[in-house]
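The following block contains the structure, expressed as structure tokens.
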Amino acid sequence: MEIGRVVGTVVSTVKSSGLNSFKLLVVTPLSVAEELTAANGPSSYVAIDLVGVGEGEVVLVTKGSAARVSDATVPTDAAIVAVVDSVQIGTQNAYSKT
Amino acid sequence: MEIGRVVGTVVSTVKSSGLNSFKLLVVTPLSVAEELTAANGPSSYVAIDLVGVGEGEVVLVTKGSAARVSDATVPTDAAIVAVVDSVQIGTQNAYSKT
Amino acid sequence: MEIGRVVGTVVSTVKSSGLNSFKLLVVTPLSVAEELTAANGPSSYVAIDLVGVGEGEVVLVTKGSAARVSDATVPTDAAIVAVVDSVQIGTQNAYSKT
Amino acid sequence: MEIGRVVGTVVSTVKSSGLNSFKLLVVTPLSVAEELTAANGPSSYVAIDLVGVGEGEVVLVTKGSAARVSDATVPTDAAIVAVVDSVQIGTQNAYSKT
Amino acid sequence: MEIGRVVGTVVSTVKSSGLNSFKLLVVTPLSVAEELTAANGPSSYVAIDLVGVGEGEVVLVTKGSAARVSDATVPTDAAIVAVVDSVQIGTQNAYSKT
């Protein structure tokens, strides 16, 4: 899973019916080192929200067909599956939700 | 899901029968920041249209085997699953369909 | 799906039995812009042929497990699913099979 | 599978129920040459632990939907499936667990 | 499928039981042009051996969940599915097993 930050929302009226009951959130990938920082290379993407998150929160995102785990008919390739409370790298606290 | 723009169409006579009933559209990936811009790195690709979109529209694309959600026998790895009405990044309106 | 050009063939005697009935073709990715050009970054790869193509032809390739759509026991992650007749980008004709 | 090193842990209270019984570990990809070194390009990611590993251990990670093999309802796209005892490259010992 | 060369082996005692009956081989990706050369970008990875290959051999590797085709409970995302006898690029012989 990838660590990312929820930075926005997408509104869509015309969409595949399998997406109807989900919030569509924009997620920016974060690099994990001594602290979490914005990743350089990859671009933001859109994920469905399976756990109920708020903007700015640090989350775990599952990509690919595993993102459809709640229902195999949901046409998504990215799902927010967890809110991150903290990340520990070695003896360092890289991130704590405050 | 990836945000992209529909920029063209592909015509194919000789194709896998599972593709027969779909429009084949060329999609260019967009980067999501304060506004939507053409992504640098990745190349355009071809997606089937599940929602009925027009050229120039901004869409959500699902990649990988989740793209086959309408029918598991459709041999595609990319499907347009939504037309984007608007993208909100923080308090900024990054995109609005006009 | 990715647009590519068939540039060669692979011969293999010792292989997984699921590959026995397929031609193994070498495909080079093409970038889609005002015309089709050789893509810079990604390398060529090997795909099974589901539609009967010839060398030099421009094709659509499906990657990942969707490539197994003809038979779930075929151990491939790339399949040629269409021969491209033409690609239209905006009002430009980017490619026509001649 | 990718060779990586376990460098940390993630704590999450609010998460998809399918993740409840798994440790969430931060893995850094390693490059495999004459010895194992930190990979430059790709970022660290989070994997579930299927074999019981400790921090600092070198492991094999399976990505994508194959990571759900223990249970198709687990919403992960990365799983630690093996602890690496040794890696032999040609006649060189690239890594030995000590 | 990707063309690669088998360059080494991985030994693992503690592993997911689905991997028990497979050899774990280190594969380096090869670029396919007029001849096969070591690919620059991507790193080596570990694949299970489905066909019985030896070190130094040029092989086809299937990535992703299609790699599990022999048995859906094998937690791998890469499998060696063929030994390459020869690669023909246009009228050139890019590789012949000797």
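Every chain is named by a letter (A, B, C, D and E) in the order it is written, and numbering of its residues begins at 1.
Here is the rule we go by: contacts are C-beta pairs under 8 Å (C-beta built on N, C-alpha and C of every residue); 3 or more make two chains touch, one makes a residue touch a chain.
The model shown is predicted, which means the values in this text are computed figures rather than measured ones.
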Going only through chains that touch each other, what is the minimum step count from chain A to chain E? 2
If each step moves to a chain the current one touches, what is the fewest number of steps from chain C to chain D? 2
Here the gap between chain A and chain B, centre to centre from mean Cα coordinates and rounded to Å, is 20
Dist(centroid_CA(chain A), centroid_CA(chain C)) in Å evaluates to 32
Touching at least two other chains at once: which residues of chain C meet that condition? 41, 64-65, 67
Could you list all chains around the ring, opening with chain B and heading toward chain C first? B, C, E, D, A
How about chain A: which of its residues touch chain D in the complex? 1-3, 29, 31-33, 39, 41, 50-53, 60, 62-67, 69-70, 79, 81-90, 94
Chain A residues within the chain B interface of the complex: 7-16, 18-19, 24, 26, 41, 43-47, 55, 64-65, 67-68, 72-78
